[in-house]
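Quick one: the structure is below, and I'll ask about it shortly.
Chains: A, B, C and D, in written order; residue numbering restarts at 1 for each.
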């Protein structure tokens, strides 16, 4: 296996290189095409939801939707057949997203005659999750993920505290303000408390009694101060990672450019000089 | 006393281990059960406050409330009798919370016939403070507490400044805007100023005169900038604690798992290999 | 002069010690009394502005106001006569605040008969600035002041940028939205832009056209991101000061307790073992 | 060229020194005059947009506008003729801004008779971009720019995440809330989601169903937490730059005071002792 050299005779191998990787011109063009089609697809879903536009251009929108569905169907099939162990792709995050991006239109046939209008509507809107296909192009974001991951416990305690505070403050406001001011039930009061604590402040519900306004003031100042906690947590995490950065100064500029993906196990993030998959041990350029 | 070994014959000792500690299977199951019942209890209080739900399911809600009250009563009695010095528990934070979580339904008997509707309502809502029983499960959160504690003085100065600013700005807005725009009194204007300064912005009161809008703009930019102060304070405190972290790198992952609680003085946070209570000197496993 | 010992025969000296300093029991009691009277005074101004309260208790409020004015008058005179160079106090920040806190009621005599209602009202509201007398009790806050001072230039650039952005974005919104949505003039549009950029969001003016909503979205995300800039600036400044803190670990706990104030030049913040004023060279305990 | 000494005989050279540089008294006065005229010009555009003011003082505003336009015309011509390679100035950022600041009134002649009212209005509003001329006086702001530049990639990932989140959450809200609550289309729902996520919260659209309010609550807490990410990124970048600051402690105080601008290539930021332009190699004081 070690002496095996890269041959490009196998069409499945070539397909894999085009679809999964981005270091050949064809692979790059495929990625750009996919990106544009996803964006168009999302815009279509949005436009369809605007009544005035849908009334006018219904046929055009539906036709475009069919073209996109066909493209995504071909892409999905190509991804499944070009990989050696299809299950590795099918049950991965992207596999599920790709499937969900493809089926809505097909499924709408089954429900077409039925009265379950909401189900069909929900199904069609499912297409918006195609946006998750874009995550593919987001690159690493590893530092962000790392920072959030390692401060998970602290963030959980923070949210826990915010929720306990909201429940208590919400109940107090319900007792003080009552139904006239819009605090008709505890859940609604809690909703208002979170709206205030997070400094969103819609104003659809607002305290009218002096006592209620004093409590509201306290909640606001609390919310204004508490925002410092997640900020502090994340900043310190970033700083820690930034600290090790100084050793290899150009780290932040180092964007992962190796787009090799193992055909056997679908693992990515291989080293630039890797010949074998770090995950399953198979030859990366084998076919 | 030093040579005394752990015996589990005493039922009170076993009860203490189940209720107060979480390192035996029974203790863990009790904790999970308690957690679920508290959550259910809070949801009941909330649902009861929603008129449409209360009208429909009043009997079910009341029955469920009785079952929970009985459970909490048994829990409270068990906690009191299983500890050696009941006063240590009764007058602790959790002791008071547990009592307040149990009595509302009992007390409502005394006020049932009376006309003091608001008192009864307030009493029933007291049950929402059961959520504080959840603090038990929140683990340490010690770093958060530490950071807030050591920046107490700075935060006090910050709140002091915000309040002085609000009083002055509120008065100025009262003078400029007057009653037409909703600035009917100084307290109301101060309320509006805090709503603006904390960037909540309900919009129930909003300046209408050009002069008022200019002042409002200044308050907003002030508030937008001032938020940096608590954030800066807390971040630096976190960073300081994080600085000593680097020495023992896995600190953040180290969650306190020793749930031993002294039966004599109710102290917790014992060391893993502790045989005697660090607080009162009694044997931890004695009974 | 160096051999001169402290004598308390001089009543002016004793008065100075009581009013200006807080290290004698009498001085402490005076400070507490002053603090309470200021707070009461502010509350009185607020209550007076609430129409329903003023209608009911007008006489009581006016009487209380007179008592407080007399107290502040005596305090002001005592401060002037107990200091060696009255001008040093009179033209200081506190001197001016103390004078403004005292005169409103006296001045209202001159304007009483006149028709200049607004001037009298403004004059009476001037009393709210008494809250600035509280700054005296705020202690040092030196670290906060220091951090803001040394990041002054950066904060100025930040505000400059925010204002330029607001003017441009406000004009664009004025052009797109027009008068129907409430964007009746450029100043009003700029006001709305700042309301949005600072994430206050009253909702008194809100974009209605799709194009306006897209621009609004961009402004919001900008504002959401830009808030990071003052936060970053202040945090780094705090961290710098905190960095030198680690050398003398108990710095944050070190609250300035020497309340000696020079009778000659009104300078404070003397060293604990100071015998002579660091500012004018006179003996601190001389009389 | 090296032996060439500075002579001030050339009037073009003198003009260049006055307009482009600020180290001669004349140059300083010109800068102050320009600053004041720009500010007045912006205020004029604003006042013109206020209908009541424009109706009253239309002639005065127009006259003032003409005076300013003439001044800017002279300034533009002077800038072009005093530089050796006019194209270097004309196609620079300031060159374009200066041109745009001058032409609106002239262009309005061409469109005066036409019906394209909106175009004329847009053209007149173009004058507001004169505010960009103020950027000249903003000094360096280099640290801010640097911090934002080096955290560009992270900020892009952050905005990308926010947008993906908004699209998904907006669609979910559209499905749950429907048209009654104002969520009439997906784009509108996404607009609402961004209003909520950025904690702006206008309240023009607000969820009314319990399910919608629960999702809204999640979006708010997400937005409240996510704000920590840009803050963390920018703070760490500032801290890194601040870290190298400690070596040359007075860096923050060091404001660039050399205002020499090369007459050949319009490059600025020359060293204090520079004789030749670092960019094109020509003599800086040559004429």
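Simple rule for what comes next: contacts are C-beta pairs under 8 Å (C-beta built on N, C-alpha and C of every residue); 3 or more make two chains touch, one makes a residue touch a chain.
Values in this document were obtained by computation on a predicted structure and should not be read as measured data.
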Original post:
When the contact pairs of B-C are compared by residue number, which of B-D, A-C or A-D has over half in common?
Top reply: A-D
**OP:** Count the C-beta pairs in contact for B-D and for A-B, then report the pair with the higher count.
**Re:** A-B
Subject >> Centroid distance [mean C-alpha coordinates] between chain D and chain B, Å >> reply: 47
Original post:
Using CA atom averages as chain centres, what separation in Å is found between chain A and chain B?
Top reply: 33
Original post:
Which residues belonging to chain D are in contact with no fewer than two other chains?
Top reply: 158, 187, 199-203, 227, 231, 233, 235, 239
Original post:
What part of chain C is in contact with chain D in the complex they form?
Top reply: 150, 153-154, 157-158, 160-161, 164, 167-168, 171, 174-175, 184-187, 190, 196, 199-203, 206, 210, 213, 216-217, 220-221, 223-225, 227-229, 231-233, 235-236, 239-240
Original post:
Can you name the residues of chain C that touch chain A in the complex?
Top reply: 199-203, 231, 235
Original post:
Which residues of chain B touch chain A in the complex?
Top reply: 42, 45-46, 49-51, 121-122, 125, 128-129, 131-132, 134-135, 138-139, 141, 143-144, 147, 155, 158-159, 162, 187-188, 191, 194-195, 197-204, 223, 227, 230-231, 233-235, 237-239, 242, 246, 252, 255
